[in-house]
Amino acid sequence: MDAQTIIARRVAQELRPGNLVNLGIGIPTLVANHVPEGLKVFFQSENGLIGTGPIPEQGMAHPLLTDAGGKPISALPGAATFDSAMSFGLIRGGHVDITVLGGLQVDAGGHLANWMIPGKMVPGMGGAMDLVSGARRVIIAMQHAAKGKSKIVGKCSLPLTSARPVDMVVTDIAVIAFPGGKATLMETAPGLTIAEVLAVTEAELAIPDMVPEMKL
Amino acid sequence: MKSVSAEEAVAMIPNGASIMVGGFMGVGTPERLLDELVRQKKTGIALISNDAAVPGKGVGKLFEGGQVSRMIGTHIGLNPKAQQQMLANEITVDLIPQGTFVERIRAGGCGLGGVLTPTGVGTLVEQGKQKIEVNGKTFLLETALRADFALVHAFLSDYVGNLSYALTARNFNPVMAMAADTVIVTAEHIVPVGVIAPDHVVTPGPLVDYLVANG
Amino acid sequence: MDAQTIIARRVAQELRPGNLVNLGIGIPTLVANHVPEGLKVFFQSENGLIGTGPIPEQGMAHPLLTDAGGKPISALPGAATFDSAMSFGLIRGGHVDITVLGGLQVDAGGHLANWMIPGKMVPGMGGAMDLVSGARRVIIAMQHAAKGKSKIVGKCSLPLTSARPVDMVVTDIAVIAFPGGKATLMETAPGLTIAEVLAVTEAELAIPDMVPEMKL
Amino acid sequence: MKSVSAEEAVAMIPNGASIMVGGFMGVGTPERLLDELVRQKKTGIALISNDAAVPGKGVGKLFEGGQVSRMIGTHIGLNPKAQQQMLANEITVDLIPQGTFVERIRAGGCGLGGVLTPTGVGTLVEQGKQKIEVNGKTFLLETALRADFALVHAFLSDYVGNLSYALTARNFNPVMAMAADTVIVTAEHIVPVGVIAPDHVVTPGPLVDYLVANG
């Protein structure tokens, strides 16, 4: 199983029946492909839709029905559309049960940086800051390391996305949560030891008595 | 409400005007008005738009000829021209959170001075802003935003300017239609009064100043 | 012509083509019956409707279509309905061109009191404060006096509705406006002299060189 | 979302709960839930409702048996019972401007700490409130309002709780459906998923906790 599939499949296990879920671009988008059989959740696209469906078949796309990246999507029966004030009312108001976002860095206190690299990448935060500030649960889905450097850091060197810590980080090698505000290793990827995870993690991780393997 | 051509509508906009443009990555943007802004070479535009779209689409077109001097938006990452002009300091770009962006415009349209949002507290976004505590929780005071013109794209307009929108093309259009001194609308379909049921009207006609006639 | 008809007819002359108009209860409601032939205006009911029409014929009323008093109304072709947040966004945001309201007192500076008599009448302000604060033009339609006492006073003794002065007061005997913040007699009712109006007016009124009679 | 009977729905509400009730003079009020609140003799209710309706209609019914201990609203002038209980200090009533009322609820539902409004400046309404100046204009800071329960009445609900409203019965229902911990809905018609077009849904299903089954 490749890294992205591990992450997406593990994140999908966090979804609960009836959840309203917002997926960011990149790896988070893949989570939709791994929703457990029979589990009903609602996916929100922050450009104004609840009930996003898969990419439409050839010839069925409509230019006025797209995801937040402007790419054609479909809508499921029971979908609802709304303006951006409503969309962010849902997000900021705590009506989104889970948001899954990508990350550049998450630190030992659960703080996320995912929207800019000063002087290099300044695209704008879009909806990320509202999602992290307002969603009930924030899950970060990202590679554990980039260019050989751990993305789980002691303290974020990049500008924070929110003062509110995230709830969970799922990477290709570990699941990390923040009970009591402290980064804690909850699971390792199949076949990896705790020591192997710690060896490539910059942040200090608390290690509970039991650290099971991800069940994928 | 008056009916005008796209050419007449854009001719009313002076250089240097602040212009809100509806749309999200070019979806729900009044494309004909953007084309006309390009053709009439309007310059010094203070653009208020969620994003910079992509080159050749929606507000993306305005960056190619350097028509924008300032922008307030939330994301310009998919338009390399806009990125490049910002990094070269040729244009000033205020990038703000999307929920804050839409609430500031809504406040401007609804006569509110601003709103208190938790978004941005403890980040770069809080710089220069008043922090206000309510029941022990900290919020940023984000002030109302208005523009000289709003360019709005609807799905249906009736003859008196009642508007409805389609799918994800609604986005920022309804709030912008309330927040500008002059509101100019294009619609995919112009229909007789009564075709849009009262419960399905999203933007009531009295908010619309000019409806661009279809070809 | 009775007092109410004089007031309603004179106020109706202030309406301009395409105006969005909000009428309060009482005398203001009557303005709708005196709109000049051929003039198109939009009437808003603040409970969520633009395009209010006359009372429906017997058997045609719908319980979910009422005015702000809960009374059945009709809707004209081209009507639009919306929630209360939108309704007051329209009002507070300056989208209502003219509001016509009743008054208990208007003072020499144009300040209105129309929502409570402490200890006696405390119904609540409903939408009145938003209308006076937000509408582009505020016109007060009321009897000039009540129980022999002038309602045009030097200074309001009753609690104000808004710090924002009204634009015009139309009574059964006079039209008063507030150029430069000073109550000024603009018109008198047919057959009345300036002196007769001043005799029953508590507030000091500025008197321009020309004070025409109302043209009804 | 779960489907329940009116009896089950109201049984979840404890005495002393804060309850938002949609409707304007009883129009757009979930009448069956009000009847059930009366039948189950719930007391100490902190009522958040635009008005007190009239005796025997909508929230007006709650005043007859003295079930309300506190109310936040904008107008109670047409319910003599509510007037009388307020003037006798049997209930506490906060009367606030209607535009402020709806914005406070909207803020509560949208995660905002509050809004700045010009309404009430220079009147009794400003007492005890923070005044904030923005660009030389004075506003009152009005804080967010939420409740334990919202009782909402829709025209249509589909099986997953997507709601649409009819005519002037929409009023406060959509904002209240966002501003309470538990949202209970009655609908004139319950219809299959797909019957309400996506563009006509006003309150999306995920906001609804309980839909009261029709008889």
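Lettered A, B, C and D in written order, each chain numbered from 1.
Just so we're on the same page, a residue touches a chain if its C-beta (ideal position, glycine included) is under 8 Å from a C-beta of that chain, and two chains touch if they have at least 3 such contacts.
Quick caveat: nothing in here was measured; it's all calculated off a predicted structure.
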Least hop count linking chain A to chain C through chains in contact: 2
Pair joined by the larger number of C-beta contacts - A-D, A-B: A-B
For chain A paired with chain D, centre-to-centre distance based on mean C-alpha positions, whole Å: 34
Mean-CA-position distance for chain D and chain C (Å): 29
Where chain B and chain D are represented by their mean Cα positions, the distance between them in whole Å: 32
Multi-chain contact sites of chain D, meaning residues that touch two or more partners: 103, 106, 110-112, 117-118, 165-167, 170, 198-199
Residues within chain A bordering two or more other chains: 49, 75, 81-82, 85, 88, 91-92, 133-134
Arrangement of touching chains [line / ring / star / complete / other]: other
Interchain contacts, given as pairs of chains that touch: A-B, A-D, B-C, B-D, C-D
Touching residues (chain side chain A, partner chain D) in the complex: 18, 20, 42, 49-51, 75, 77-82, 85, 88-95, 133-134
Chain A contact footprint on chain B (complex, rising order): 24-28, 50-51, 53-54, 73-78, 83, 86-87, 93, 95-100, 102-103, 106, 117-125, 155, 165-175, 202
Touch list for chain D against partner chain A, complex: 1, 106, 108-112, 158-160, 162, 178, 193-194, 198-199, 201, 204-207
Complex contact set, residues of chain A against chain B: 45-49, 62-70, 75, 81-85, 87-88, 91-92, 121-130, 133-134, 159-164
Chain D residues within the chain B interface of the complex: 103, 107, 110-118, 130, 132, 134-135, 137, 139, 141, 143-144, 164-167, 170, 198-200
